[in-house]
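Just below sit the structures, each encoded as structure tokens.
The following pair of complexes shares a single chain, chain A, combined with chain B in the former and chain C in the latter.
So, the complex of A and B:
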């Protein structure tokens, strides 16, 4: 099985290199430091959430509500700061905590009431987005202080701030999933929840923590998002779950659970972002790139299923 | 034996409540809403509002019939909103072109069937989870539609095209579509072999296979029929106004799925009826209209829908657990 994993990631890495070569021939603007760093900036929010989504999908779950949590936290950030008059740093912390609570609520529905994750998070996708719309009443919040934009528009040592945040989170996620008991519990819960329970693994607690983390990191992504675009709107992050899930699945994480790595997710993210950027530079408009992402998502799973059938049989 | 004795003593009324519990709850909710909001604001029950509630949302009920088939068969489709947007645009484009009206009416339905047959085949034969395939389809259809039309509106369709604006005995055509298709499908699901097979496969695919059914074929058939209903829904949607906005109606897939689930279609597959999903679609229409008449901001609508779907799913899970506990 681990041999298969290595192979999927190798295929992906080769694909990524090929894509980079082709794209750099397509446009001389593609392979510049400025462009690549900017792509990192654009990728950070989806990337952060994809890290948590890797845990979610490895545990045989799915979280469709991440885009809505992002929208809700963005709105709450504005409300806490502007309407309640809280200091902005406190509003940021409270926003991220609210995201964590939203994720915890998902986890409780899934573990306590045994609602399938797909349905639970489909319901909260509507609920959280609805709360964001209801609270904001379609008003946007602007006028954040200058220092706040460091997070989304600033640089540290020449690299966008959020890329540093993303790299740190990615390193932590890779260690936790690959090397810790929590990571082993995640794989076990995803591969066979019943067997994991009988082996004394706290499956419910693991899953509860994973969904809470998914909410927290969506909240963090929301703060970065608001800082990057300098405004708050209730439709932020609509459809984000698709990008996140595509990146994770593209990275070789099995949608049936029990298999996947953070490295794979990183490769999937980079391949997706390179294609988006390359297509944009080649003159394909934003909506055309959504089509390509959809096609890639379906094609990857077909290929990965065929390969697996071959290795299994 | 004890169980048989209990079953034998139950009255017809309690069997009705048992078999159509969720449908009766939804029906009761509609009646309560009509009475309460009608008392607060009598204009809620005015002819204009009733017609716009029932007729304007009939396409959601029609789409929910197909969605119910898919969910009962054990799958889900999150791309139906985009599909309806694409099919409505095809209908409008054909109607504006020099094609006969019947072409503009039939081609979208056929395209819907073809696309969803393909989707069903991917799910059944390549064993890709339906959520992944339809998430992919969602972005393919949506992205394709927006980059093709660039969001322009289609206008200038010939007057015969607007089938949703026609009336018979003072009742708008979409209401007939909704009622006739719901009753026909309710009977079909109950008595036709394929209808029973959809329940069987959704309830337990392996048991269905062991009893001689082909779960793969049933899945493709359910999706193909779902495409048919999406096509009809797209026609009703495309012809109810003088313009077609040629974008994806926001949240449509969520509304359609919610209608099925609240109508009693269990998300785990195997149970539910199309009567329930149609009643739930009517309930939504009443709720969104009631919010307006009660002066609640429409921005809260989605939060209300989310709460409703969550409450229904939790109740469904609790009922299943009780059911299991009762059998043990």
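So, the complex of A and C:
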């Protein structure tokens, strides 16, 4: 797209390399294949949702309900399988579809009733979490069959299964956002929804699809989450939306819409995960890690704003 | 006689690009000094230097013969210079009096705001502007554009400004309000205020100014008393070449009906409108702001689908419920508000032009970037868009070039019917005549053009027929022979003979 994006991503890439070098000196366990693959495993759920969130934020929206959708789908998966006695594969599919419906509901509130995305998804954040808690009655579901754990704990060709899923989704997202007519409609709707509509772009349909996709992918992340931790609880994914949004914004996507790339989001995700893990291995406590991530977020935005002011003329 | 403000040898660069070079300019007490030039000539920068927003790299500013340095707008205001900006900088939720005294409100001995004094002084200031009808307690957001502008002028005067800089004050006013504004400017001049008047509208300059300074590409072309100039001479100074004709609509053969609208209504804003647009025809639509002109266009284009009536395209009845549908039927709409409705300004020329034709540029769903770039390059060449290349951000272009991008993106759809809403608003003379020439060429190729315009000379010069709207209805129609400024002006403002006053009154109430 513009020179600015290349620059933001360059800054991020440099920061990521620096972080990797510094962190590998802090702990000899950090820069090992095992550790890095394991980090990929831990990153996959946030990563998957961040892909959809990139579309959401580029379209000048926000989706705060993704963590709650994840919790709700996790609970529904357990209910469909254990309480209703459905076959597990069917329960998995229905769970993901339920996530999609939750996203579609967000989209309908936003496009039909013109509720600002921040308010709409803040409301459904509470709504979906409340549903999850009500349905689960604080009971957890365990005892999933062995094959189910392949998704969250297994490996394919030496790489965690969910990392493969994530990479495929990332490639699809990058192509759709960067190269397709749908991606172009997303950018136009985010940068100037009125002009997009006046140009014959179906803005409402685009927004509706984006929130539906956000729900679907949160549902997929939920299934992977349950498989990774072998259990279902209603508080799963609490606060996840903040990690997701941080990664996307760190990746250079403008919170005002119209700007951002999947590559940027990937770099943002990796930088965030590297810091979390590396600092933990270096003996920094959890609180310290959050402080560092906050500072890095502010610093990258300031740097790229400075660079942008110079090139914008 | 010493000048109120005197600039000598002013130069200014931004990021290495020289925007002003060795400019000398002065304004005296009791004169209107017009500052003209095409967009990008450096007028805004010069104004901002006088207003204390920018600092000159070189040169001297003298106020009343004293050398001055403006570090901030506040310093400039303290020397008696006030600026009325093009986009009015008012607080819509505050009252008229509060807006006039924002930042320098009168205070009581205790330091609290002196509301009584504030209101009475606001009243005085507005009365001086012959604006007795504006209530000092009214919310500014509820006022008309013309009245808001008076509030802005009152604000300037409240700081005892002796020099007033007005940046395109009539750009968003209708003709009637323009005349009243000109009267106010004359009034201020007669009271000894020195006025710098920036405008694209040449008739205003000849009606108002004592002297004219022309800028082009950051240099001063000349300063002359207005009596020594005529329109032709002034235009050629501005663009650096003579422009033969401002409105070059050629005679074309008027063909078969393209668009027929029958008894079309949208709520109460478009009522029972019937019209026919033929191939090769430019059909002008005149009317005051709020007369339903734009609303008619929005209804035909499917933004606000019709609530009653029918639309026929080449004799076939169609339903237009969305802009997509309108586009697919061969209708293009160049909207009134370029920045908001016409363009995605943070995006490149290429991305803007392709937005209307994404599907035809894509194989499957993936956009063919080479085709897209070629379309943009062709458009830049065809429409004479002055830009660095297809990837330049649209926001960086001048108004005229932005408008050409809007035209390019819609002509890429190969429309048969082109609706243009204020096609040359806020565009300099050179680009204006280019757009007029283009419209004429399009009509000659058999397009039907529906042109909505607030500028009567444009309507008169370009249209084959002129329709006049008032209160959502068509109230008059003139052919080229009978269209005169007086006749159209009368139809716009007065109830036409035979148009019974009862409907008119109900329209006013609606």
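Heads up, the rule we're going with is that the second predicted complex is superposed on the first by the 287 of 313 C-alpha atoms of A that agree within 3 Å, B and C clash if a C-alpha of one lies under 4 Å from a C-alpha of the other, contacts with A are read in each partner's own complex, and residues count from 1 in each chain.
To be clear about the criterion, contacts are C-beta pairs under 8 Å (C-beta built on N, C-alpha and C of every residue); 3 or more make two chains touch, one makes a residue touch a chain.
These figures come from a predicted structure and were not determined experimentally.
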(message) Quick one: is A:130 in contact with chain B, with chain C, with both, or with neither? Answer first, second, both or neither.
(response) first
(message) Going by the contact rule set out at the top, does A:184 touch chain B (first), chain C (second), both, or neither?
(response) second
(request) Go through the superposed model and pick first if A:295 touches only chain B, second if only chain C, both, or neither. (result) first
(request) See if chain A has more residues touched by chain B or by chain C, and give me that chain. (result) B
(message) Output check: A:89 vs chain B and chain C. Expected answer is one of first, second, both, neither. What do you get?
(response) neither
(message) Can you give me the overlap between the chain B contact set and the chain C contact set on chain A?
(response) none
(message) Can you tell me which positions in chain A touch chain B when the two form their complex?
(response) 62, 109, 113-116, 118-120, 122-131, 133-134, 136-138, 239, 242, 245-246, 249, 255-256, 285, 287-295, 297-298, 301-302, 305-306
(message) Looking at the complex, which residues from chain B come into contact with chain A?
(response) 76, 78, 122, 126-129, 131-133, 135-140, 142-144, 146-147, 251, 254, 257-258, 261, 267-268, 297, 299-307, 309-310, 313-314, 317-318, 321
(request) Please give the residue numbers of chain A that touch chain C in the complex, ascending. (result) 2, 175-176, 179-182, 184-185, 187-188, 191-192, 194-202, 258-259, 310, 312-313
(message) Which stretch or stretches of chain C touch chain A in the complex?
(response) 14-15, 17, 303, 322-324, 326-327, 333, 335, 340-348, 351, 354-356, 358-359, 362, 365-367, 369, 391, 393, 396, 409
